[in-house]
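What follows is a pair of complexes built around subunit A, which joins subunit B in one and subunit C in the other.
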Partner chain A sequence: MSEPEEDRLAMIRSEHDRQRRFLLGVLGLALFLGLAIAGGLILLIVPASEQPVPVWALAVVVLTGAIGTAISGYATVRARADLITDRLRFSESYGDGLQRQRNHALLFMAVPMALFLVSGLPQAWKLASGQGETFNWIAAYLSIFVPITVGLTLAEIGTGKMGRMKRHLDDEMTKLHRKQALSLAFVAMLAGATGTYFLGLHHPAAAVIVIPIVIAGAVQVGALRFVLLEREAERNG
Partner chain B sequence: MAVSRIVAGEGDTGDFLWAALLPLCAWIVPLMVLGWDREGQRDRKWLEDELTREWRGRALSLGFLVLMAGMSGLYLVGLYRPEWAILGFPVVLTGAAGVVGLRYAWLDGQAEGGDE
Partner chain C sequence: MADPRLGSRLKEVRTAAGLTQVELATLAGVSRKTINTVENGVFVPSTVLALALARALGTTVEGLFWLTE
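The block that comes next holds the complex of A and B.
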């Protein structure tokens, strides 16, 4: 087995162990804390004459709960710290995996994009031909919504919520690939727009419903280019 | 004017020629920025460096966003009045090309200013 592969397996095993320890710690914390609180409440609320068990037994339960809580708490904090340390140590491979996931998601967006186009364009045709009602407007707007979202994702705009992941995602090479992909998408969209304009000179309504197809096509060309460049870079190490 | 006459169904050959010229003009600037013009092809080894590629990428990325926004606007207008969308096409195409050219010139100018 190659060294990077062994490292990766060691990382997975280590993370798995630490996750299990963290989970056990949290469970222990919940159990012992519950025990301590329940024992304490019975001691405090129920009068001594009506206690179901001797007071000393309840005191032992509370003490056990308190000690268990302290130990579980320490174990949980320790496991959590180890998990973070592990992730930081292997952040490069973690970032690679994350980037790969996002690239796949970018390509997968072609499916909803196609679905919204297929459902929205007949409605857009109705509207452009002077018919249509509220439902048609909604469907027509949705047909352009997904391609715009993918385009903005490709350009890394509106991904503020990804702040925590950003340090794993945007290295110099990815930024360069992004720009190359967007350049190609621009050329594709300019070509599509020119063609649509010429079509529109003869048939304006037909040109209007071609616009979402042009945007979706150009965005997908850009996404595909980006994913291919990233894959090539990954292959070349 | 030529486009509005064509859209109204009153265009002649001259109008069609004018209308065809508009988007072709919009192509000149991006082609120059991409270095696909004749001069750019001939002097590629002198013109192409890391910085040029970086400026090109940034300018075209902005152009992509402007063009996508413009096309989306045309679509929304076109659902209401298709003729208006066609009239807006030359504006969007030349506008996006202009943004690409200006952004590239601006970045290049800044880099030159930094060199001095």
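The block that comes next holds the complex of A and C.
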């Protein structure tokens, strides 16, 4: 077998291994999140029925959550180490690999952002109408938390002490793309804020509900623009 | 962004040096796509990057870039 063919097969095997570890990581994380939500519901529902929270129930939730986190953490670290090794071996620099991961994360964050918006907005509507309990507040906060996180990631804010990693994520081309993407996100935010203002003049409660949608939409427009610019530069220059 | 006044022989010098885009990117401490865009005239490098590229290729900035007018 020729050397390029061996390299190609090795790359495919390595990619399959990495995907298996990634899947394991996702399963572990799903296990952790599912149990965390179950634990939260136990804490909310049981006190309402004036029953003490069973210690065994909490122990099961905490223990299984810890196992899920450990599986997820182990698989993520292994998959990431393999990915970096592969990129170096198969002609991609460390910086390129990091940037690719960051861009995938930016796109992937659209999923939790949409989920939290869908689940949080009805709760925010209840609160804006003068009703609501602890759960409503948490869901309403989460609906705005994810878009803000994506916006900060896009703007590279909060990564000041990442050292070498920041240098690779922040090269000249990327800075220019970020500037262009943030400009577009700002225009989208401006348009959305203007619309929300006029809506608020007629229906103040509705305007409150629309604000997270405007922020999420503007941030997603910026993130999409950024990823597209990066891909374009990678393919055609 | 692109500037028609900038001439570049980066690709020519890089290939003459026997380097790939990835290798030059690693030497200059930037991503491959930055090298790609500079070579294709899509992106005008800063003074610092131009100096880093010149050093990585063992030449001067004038040996890589010049003004066409």
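Convention: the second predicted complex is superposed on the first by the 140 of 237 C-alpha atoms of A that agree within 3 Å, B and C clash if a C-alpha of one lies under 4 Å from a C-alpha of the other, contacts with A are read in each partner's own complex, and residues count from 1 in each chain.
Here is the rule we go by: a contact is a pair of C-beta atoms (placed from the backbone, for glycine too) under 8 Å apart; a residue touches a chain by one contact, two chains touch by 3 or more.
What you see is a predicted model, and the numbers here were worked out from it, not measured in a lab.
In the superposed pair of complexes, A:F198 makes contact with subunit B only, with no contact to subunit C.
By the touch criterion stated above, A:A66 is placed in contact with neither subunit B nor subunit C. After overlaying the two complexes on the shared chain, residue contacts for A:E230 are found with subunit C alone; subunit B is out of touch. Touching more residues of subunit A than its counterpart among subunit B and subunit C is B. After overlaying the two complexes on the shared chain, residue contacts for A:Q99 are found with subunit C alone; subunit B is out of touch. After overlaying the two complexes on the shared chain, residue contacts for A:A207 are found with subunit B alone; subunit C is out of touch.
When both complexes are overlaid on chain A, the residue A:L176 reaches subunit B and subunit C alike.
Residues 176 of subunit A lie in contact with subunit B in one complex and with subunit C in the other. Residue ranges on subunit B touching subunit A, taken from their complex, read 3, 6-7, 11, 16, 19-20, 23-24, 26-27, 30, 34, 54, 56-58, 60-61, 63-65, 67-68, 71-72, 74-76, 78-80, 82-83, 85-86, 89-90, 92-93, 96-97, 100. Subunit A contributes residues 91-96, 99, 167-168, 171-174, 176, 230, 233-234, 236-237 to its touches with subunit C in the complex.
Chain contact summary for the complex, subunit C toward subunit A: residues 1, 20, 22, 25-26, 29-34, 36-37, 39-40, 42-43, 45-46, 49. Looking at the complex, you find that subunit A touches subunit B at residues 124, 127-128, 137, 140-141, 144, 148, 151, 155, 157, 176, 178-180, 182-183, 185-187, 189-190, 193-194, 196-198, 200-201, 204-205, 207-208, 211-212, 214-215, 218-219, 222.
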